[in-house]
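In what follows, structures are represented as structure tokens.
Two complexes come next, and they have one chain in common, chain A, joined by chain B in the first and chain C in the second.
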Partner chain A sequence: MTSQNSKTSNRWLQPRRVTVIAMHTFTQLVRMKVFYFLSVFALIVIAANFLDLPQFNGPEAIGVGELQMLKSTCMGVMKLFAVVFVIAATALLLPKDVEDRTLYTILAKPVPRLDYLVGKIAGVLLLVFVSLLLMDLLMTVVLSFRTNHLLVDQLSWAEARGWTQEAIDSERRDIIAQGPTWSFQGAVFAIFLQSAIIGAVALLLSTFSTSTLFTIILSFLIYLIGHFQADAADYYKATAEAGSNAFTTTMTKLLSLIFPNFQLFNVIDAVIEGIPMTMNAIISLTGLSLFYVVLYTMLSWFVFSDKEF
Partner chain B sequence: MKFYRKIITLFALLLLAGTVKKPWEAAIGADLRHDKLLSEPLNLTTRESIGQTSSAVALGGLRSVVASFWNIRAYTSFEESNWVKLEDQYETIVALQPHTAYYWDTGSWHLAYNAAVSSRENENFPAPRREALHRTYINKGKAFLERGVKNMPGNWILLSSLGRLHGTASKYPDYEKSAAAYQQAWETGKARNFEARAWFYSLARCEGKDREALHLGRALFIADKNRVDTLCCLLFVLEMRQKNARPIEELVKLCFTSHADALRMLEVYKTNNAENLPITGVDHAIEWLKSVQNK
Partner chain C sequence: MTSETAVEIRDLVKDFRSPLRGVKAFRAVDGVSLRIQAGEVYGLIGPNGSGKSTTMKALLGLVAPSSGTCSIFGKDSLKVDSRNDVGFLPENPYFYKHLTGAETLRFYGKLCNLRGKLLENRVTELLELVDLTNARDRRLGGYSKGMLQRIGLAQAMVQDPRLLILDEPTAGVDPIGSRQIRDLIMTLRDRGITVFLCSHLLEQVQEVCDHVGIIFQGKMVKEGRLDDLIAIEDQTEVVMKNASPELMEKIRTLVEQEESATLLRMGKPRTTLERLFLRETQIDKK
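Up next, the complex of A and B:
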């Protein structure tokens, strides 16, 4: 009976055990005062709200541009925060557990190393998710306020000039499309998905790296390579046809096989321009992110499984 | 397992996974491009012009942020009347965000209006050179806006701006292009009544399109909201131009609410005609209206 209990408790990916590790990681990161960043974000959002664009062509040309400016500034800050935070936090986790000797205590118990790694990455992702949610909430409130303000201003302006009902309705639709839409929420979710992948990459690197700084720098490099590799592949494909050397072409192909294509997550630019994000796009990106997170976590486990401390 | 053997195995596994994900990523990329959710990659010239830092930020998926800041920078160039720099900056901005109408519209306005007029009034250049620069910047503004329209074909604001630019008398007008742009703007179903009237005004100034303009003017005149002074006067002029035109009294009754209104509107129409709208018969009509008033 005891042996059976022991076998059950040693089974991989026990939800309760993973949740305990994830919540511990979450608390550990919260204690690092990361949420202080939110006050900085609030200031940026409020400042961006007062940003005015040069007006030359009547208010109808300006309103949508102002909303786009507000969205692009805030989304940029959100993305920057999510990426910097997920890389730094993940790179710090394992060295900090070794330094605090928490890792020895955990691994001395019947905790499979896979559960430990999954719990750690889940804790980081939970914190990024909560942070993005709070920033999204703040952003949505400010954007709603600005959108409503513009709607009142521009529609009364349009009515005063005797626009047709169709023109007024179209103006209303154009302004609302730039406000807090579901596509906008989808774009924030895409930021989270991208962060999850780069977090999993950082986890993999930290399992064999001996320096936190090295992990952080390499993770950022991979983040940039991930954005650049699709362009590079296109470029070398074109030059290969014109007779460029085979070595660079092969290297680019290898890079594109090894590193994730982060350009696919650049849908936020289109959403800022007011193009609606389809459910199909969200599902595809979620599936791809899940694939990467599982792949890099499993590879982390492969490296970490017999690592000696 | 030895560390190095492990790393080699790791790379082998990554390559294996890569062969699975590559076609998947390609399919997602194609879908996203089809839905216009992904922009074309940045070209080398744009990367060079935005500099290393901005390029890294843009590569990091923050093109819209870089474009926003470049738009603010371009405003400084406008304040400093640095038109060469401003032109480069707007080329970069629209390369970063090709689907934002505001950037196309603003860039074209800076070139065709601000840069053109500023160059014409720049006394550092001799007169012929000033005139040449003036024309060059107007043409650049038009070309820039035409590229914007090609990028965003259904955008009524860009089409309307193009119509205005081609239809402004001081901007080397091409009334046929102006009428076509206004017509397209109106046909999007999103534009204001103004675009329909502006289409009529441009059409009336095209060589040999009198009949077409008259039909459009009559159709627009039916709606009360279109009966603005310019439209009433222009319709009156086009009716007067017809070979078998109706008597002047009848036409005044048709196009205006009263003789007094007709006289006031036609006098303003004639004196404020900076846009070179046709004025055939206006003098005659004014004289007739005055004589009627004096009786």
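Up next, the complex of A and C:
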């Protein structure tokens, strides 16, 4: 009466098992009706599309400003959704499994605890990714529609004014730079990366915190600290004697290891302003995010492997 | 039947540290040792809070022993490999509400590396076995307590393990369902599957278990083969069917004629395990 699976090894991070847990987490979240949020997003995008803009830059800048406004509203919402969602979902799911004792039934199967953790975070991130993808699609459609519309408007307006061909071309370039560029897609991807990091932070916190509320609040705090820590580090460096204080430099380095430096994600704002994002920037952001996600997941595992229920 | 050891627990001690009260740890399990041979049905009984569930959790690696060791088929419980051949039904089981009965079994099956046609057949077979075929596509959020218990039992058996650990398998199940579970355990025993269960329904424990351990305040107070435990050596029981009062009277006079023998009682046989249980757990209270 030997089961056929008793021979298969139970090494860590077996892709199939992690996928099973990730897909299960994904379904769980979908059935919690998370996607309803997307309809709210659609409404916001449409509303933002019809928003009237105060004219602060003179008539020739209106077009560019309108597009920026649309992008910054929508990306703000996307970022808010991604961060709030990733923190809430990660902070809720793990304690829920412990409380409901569903975790017993999973860990009583040949499932290494690392696989469980990785599966959970992967499931949450998959949902964030899919949501962002859908929002990005909607956003791209609206933005390109709007850009084309503006292009026609502004250029005919410029021609009527008797602008030189050079000026018109530059105006056209300016408008297109604000449209749905690859940099724009890169910025959306950066939002995903940022939420992945903060999700891993929430995962780590939820492995040792006893209350979901504590996890959520602390995760948001770390998110904020991540935004300000580079400023703080600069300030520190400026006040301390330049180069002479080894302690401060070590502390800053340590701080940046523990708290992710979210200032690197300011490229998102730059993209909203129409500044292109380089491939290098995307690659280094991906590398950095991967580093933090792996670091925090390993730390979570370290805590979780000794945990009792 | 093979004489392989299915479960071995040696001098298990489990202390729970209280985060609030700090220093004083609570000893939930105190030096419990037990061994279950493959093919046996072992029943662990004891009052509430005596450490039954904690012992089971330690065996599954859900809690780490403070000292002592646990192993399943020779594999240390703290290693993932020990869980290949074991199915567990926790007390008051609670599963993912958003999944249907079939999806639940599929999920646990996949965690055990089952897939494809094999998995689908297994799911259907198990739903049939625990009498939930009708509720196959209903979400667990709408299951009753007894139904949850039964889907939990099916979930434990999904990879056809050689050992089943059942923490109060019949809690909350109606008399008919609980009889079905008892019958199921007997069928499993006939197929050579080892069962380690704990229950407060002593009558059922007496019916299905070969071995019984009584645990009280974290200590194993009595352990052994059920037949040996409840046999009273200097007494003999005669159980008859359709005995007439005249016959009983004859026996009474016969016994009276005998010098060394005394008749203690006549009447209907009782659940002796229950009496043993009460005796063992009351002596220690004093």
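General observations
We adopt the following convention: the second predicted complex is superposed on the first by the 278 of 309 C-alpha atoms of A that agree within 3 Å, B and C clash if a C-alpha of one lies under 4 Å from a C-alpha of the other, contacts with A are read in each partner's own complex, and residues count from 1 in each chain.
Throughout what follows, a residue touches a chain if its C-beta (ideal position, glycine included) is under 8 Å from a C-beta of that chain, and two chains touch if they have at least 3 such contacts.
Small disclaimer: the values here were computed from a predicted structure and weren't measured.
Look at A:223: by the touch rule set out above, it reaches chain B but stays clear of chain C.
Once the two complexes are laid over each other on the shared chain, residue contacts for A:109 go to chain C alone; chain B is not touched. Of the two partner chains placed by the overlay, only chain C lies in contact with A:20; chain B stays clear of it. In the superposition on chain A, no contact is made by A:122 with either chain B or chain C. Here chain B and chain C are compared by how many residues of chain A each touches, and B touches more.
Applying the stated contact rule after C-alpha superposition, one finds that A:197 touches neither chain B nor chain C.
Of the two partner chains placed by superposition, only chain B is touched by A:265; chain C is not.
Shared-chain residue A:44: touches no atom of chain B or chain C. With both structures placed on the common chain, the touch criterion links A:32 to chain C but leaves chain B unconnected. Look at A:87: by the touch rule set out above, it reaches neither chain B nor chain C. On chain A, the patch touched by chain B and the patch touched by chain C overlap at residues 306. Chain contact summary for the complex, chain A toward chain C: residues 1-3, 5-6, 8-10, 16-17, 20-21, 24, 27-28, 31-32, 100-102, 104-112, 306, 308-309.
Interface residues of chain A facing chain B in the complex, by the touch rule stated above, are 53-54, 56-57, 60-62, 64-65, 68-69, 71-73, 75-76, 79-80, 83, 158, 161-164, 166-167, 170-171, 174, 194, 208, 223-224, 227-228, 230-231, 234, 254, 256-258, 260-273, 275, 277-278, 280-281, 284-285, 288, 291-292, 295, 299, 302-303, 306.
For chain B in complex with chain A, the residues that touch the partner chain are 1, 3, 6-7, 9-11, 13-15, 17-19, 21-22, 24-25, 28-29, 31-32, 35-39, 41-42, 56, 59-65, 67-68, 71, 75, 78, 97, 99-102, 105-106, 109, 156-157, 161, 189-193, 225. Considering their complex, residues 57, 60-64, 80-81, 83-88, 90, 92-96, 98-99, 107-108, 110-114, 152, 155, 159-162, 165, 191-193 of chain C touch chain A.
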